[in-house]
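First, the structure itself, so that you have it in front of you.
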Amino acid sequence: MIRDNGAPKGIDAEAIVEAAIASGEAAIEDLDIDDSTMSPPRSPFKIAVRRFMKHRLALISLIFVIFIVVVALLAPLVAPADPNAVDLSSIRKPPSGAHWLGTDSAGRDVLSRIIYGARVSLTVGIAAALSAAGLGTFLGLVAGFTKGWVDMVIMRVVDIFLSFPSLIVILLLVAILGPSVITIVLVIAFFEWPTSCRIVRQMTLALREHDYVLAARAGGSSNFRIMRRHILAGVVSPLTVVTTLLSASAILLEAALSFLGLGVRQPQASWGGMLNEAQSITVLEGMPWLWLPPGIAIAATVLAINFIGDGLRDAFDPRQTR
Amino acid sequence: MLAYLIRRVLIAIPVLLGILAMTFILVHMLPGDPATVMLTPEELQGNPEFLEMRRAELGLDRPLPVQYVAWLGELLDGNLGQSFHRKVPVTEMLGPRVMPTVILSGSGVLMALLFGVPIGIAAALRQNTKFDYASGVGSMLSISVPTFFQGLMAIYVFSIWLGWLPSGGMRTLGSPETTFDLVKHLILPAGVLSAVLMGPYVRYTRQSLLDVLRLDHVTTARAKGVPHMGVVVKHAFRNSLIPLTTVLAVQIPALLAGTVIIEFVFTWPGMGRLVIEGINTRDYPVILAVVMITAVLVLFFNFVADATAAILDPRIRI
Amino acid sequence: MTSDTPVVDPQALLSVEDLHVTFEGDEGTVEAVRGVSWEIRPGEVLGIVGESGSGKSVSVSSVLGLLPSPPAVISGGPVTFDGQNLLELSEKKLRAVRGKKIAMIFQDPMTAFNPVKTIGHQISEAIRVHDKSVSRSAAKDRSIELLSMVGVPGPHARFSQYPHEYSGGMRQRAMIAMAIANRQRVLIADEPTTALDVTIQAQILELLEVVRNETDAAMILITHDLGVIAEVADRVVVMYAGKVVESTSVLSLFQNPRHPYTLGLLGSLPRLEVRMDTLYSIPGQPPDMAHAPPGCAFAARCSLSRGRAECRESVPELVKVGDSWSACHFVDEMEIATENVSQEIGLDIRVGKESQ
């Protein structure tokens, strides 16, 4: 059965879990060295890396994302102008030699704003994804490992969170708490943790019954050690995929927030915020340089991240259904 | 089967209470006096003694759990509070907005299913052909390009450039309220909504069918001599729909989020726009009412999905 | 093809000659079946024995064209049935054979049945797919008849039940019912008892015997369990690493093993007659079929080979030895080897001979 968990649309939770379990098993078998064969043992990590490399789309996407990250980091060096420099004499000018992507309603250089906007999107995307994944993993491990009523409570909480229309509540919370990058990151993380929690919990439940965990327990390892070594190792692969896809979601969420005027405040450049200007028909109709670049930037980045996530999932998945 | 459904309802109850509790907590997180959120304008501006009595009824100076119960009571009475902004009961404001949202989201989902599922099936049956790759790229674009950007582009192409369709609103002002007029306004927003929803539907349908086709019972059917198409239709299709009901149900929050944005971009007079307006004007009662209603709707649709899955899969009915 | 390959018996109902099946995968090409030949005559029971991965299921699945075609590549053959080469038949013609002339019984009855359809429906389907003139109710009657023939109690009610409402043994019976629905001439049973409890196993084997007698069908029984072979088979083919290593009558197999692998299998059977502290087992693991070794695939684990160059370098062909066929370079040393292993274990491992 396939189960999705709402916000990050590309995630196939149960399949990821099954794939991870299977690759874990395959890894164990791989370690069983046989003298009569000629194939050398390969660690599951190396196999995954090799398979990822074969996925050309994912590779190109990875390069693209790295490129964007570098540009964002080096923004002050790369941007042709100060993104907040207002110049009321050249408002909404089309692309020219001085401003490769034209200027916006306050005369600011669009290209520079795009470059600085990358900072916001990437920061929010990565930070929110990592926080959500972190919280989710912790609670998932707890739920899966302790079972009993603690597990039930956590799962009911997960259900409640997943029922809530996250966008609306996020909007509400950001409105109440004020739109700073940190608030946005925390609020997004607050609503995205259930996804990774479910996955980690499923993995934990499945793996703890696995033979090698039982063997470790029979050998006297304490619960904590078991959890750390065996289960965390099994959880890493689906978690990587989920975190990647979560960051795609987070970037989209932040863009939506800014577009609605409830995200990162002006004058700070943000891709979604720049699209806010396209609300007016005049802009939409006659000034494509104001809204096409930020839209394409978001789309390209998210697309690339999703391809990477797909590539990662294929890399970790020994089944050949795709 | 009945026992199963009753069990699902029973499990849903604590979740429902949880939703209500969370909403209640949100009410109290808001800056300002909760009474202004919960009482009607007449009550607030009327007789001070009456006001005191109402405040006591709501237990506003008593411990939170008591307030919670009182608040639940108000809910059951149909009192969703009054709008700060417009000074009218929230129920009055919500009323006319419900239908437009239902029409929009309903059409969006239907279109997404009508196109998405067949495309997914075709992609699975033509695995690794150009069609399959094209549908894969399409799905990726569907989930990667932000909803509002897709909306803006749609407006640009169909409304501004081609001039075929109106760029917003539900009706043409001053024109008679014909269905044709409604449809003309509905196509673009519903179309964009369905484009956004379709991506996951195509992917999951395809994946589900591929998974089912690899199962043992499909080999058995082939070994019996069932022709290929017969195998797909009789032994794979229904089986692959079962996980899809879950996907659909769980996608409901995403559907709602998409609807909110689409309503905003296309100035569609539904609950989504109401919420955004509410947020911009800090009209908490309105926001909370919408939040609560949507959460309950999600719960309801999850239940529907469970029931559908039980109908499709006899193993679940125990 | 070599000159020593067993010649096909013109009486054979179904014969496989020099079948090759490879799988193209991410990690390279896996040679699952590397030149396998066997045949079955009317009314006979042929047992195919081997470990998991020996290629036994794959070779049989390819007879009915049930392998997914990428990644499977089938070559060699012919596979002759009713005067036709099944490998060259169109899908349409092949379908007329599947389920009607040659039927398959699968290993795991839980997954082999479609969980969302009733058992009765699935049996009826087997009938109606080959004869469209049969009405729904006629097919239903026949299905109920079949269910009672295989010993499912209360067949009327059971017809409308789902697979998960049956017990494991009953499901296997239902699968057999489905397989004999069209009076098949060949039944292929792929590990029919592996997923079942030991007590049920005996019942199912008995049922298969009854069914065979009633329908006069020939049966190919795939298993890794020598006990099952001993009870049921007339002739046996032993497979290892995608090749046939021994082919003989069942009696001969147990009394005069002609291949060190067979010897190993016999030796590792637990015995009740003698107290055994450790079970004899064949050391090592089957080879990785993505990188098949150049010589005899069994060489690394073979007690007879003792590292001799011939074993490691050249692939032994099937040669006739007495009334068996064996693929071993040193088959004449088998008698002595059998003695040695018997001594090691402490009893004569040749089943049916007097204990020493």
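The first chain written gets the first letter, and so on, giving A, B and C; residue counts start at 1 in each chain.
The definition used in the following text is that a residue touches a chain if its C-beta (ideal position, glycine included) is under 8 Å from a C-beta of that chain, and two chains touch if they have at least 3 such contacts.
Source: prediction; values computed, not measured.
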Of all other chains, the one whose Cα centre sits farthest from chain C: B
Centrality ranking, top chain (CA atoms only): A
Intercentroid distance (Cα basis), chain C paired with chain B, Å: 54
Between chain B and chain A, distance of the C-alpha-averaged centres to the nearest whole Å: 23
Intercentroid distance (Cα basis), chain C paired with chain A, Å: 50
Where chain A touches two or more other chains at once, by residue number: none
Sites on chain B at which at least two other chains make contact: 242
Contacts with 2+ other chains: residues of chain C: none
Interface residues, chain B side, partner chain C - complex: 215-217, 219-228, 230, 234-235, 238-239, 242, 312-315
Footprint of chain B on chain A - complex, ascending: 1-7, 9-10, 12, 15, 156-157, 159-160, 162-169, 171-172, 175-176, 248, 252, 255-256, 259-262, 272, 275, 278, 281, 284-285, 291, 295, 298-299, 302-303, 306-307, 310, 321-322
Chain A-touching residues of chain B, taken from the complex the two chains share: 14-15, 18-19, 22, 26, 29-31, 140-141, 143-149, 152-153, 155-156, 160, 167, 199-200, 203-204, 207-208, 210-211, 214, 242-244, 246-247, 250-251, 253-254, 256-257, 260-261, 264, 275-276, 279-280, 282, 287, 290-291, 294-295, 298-299, 302
Parts of chain C lying in touch with chain B, wherever the complex brings them together: 64, 66, 91, 95-100, 103-104, 106, 108, 111-117, 125-126, 129-130, 162, 164, 178
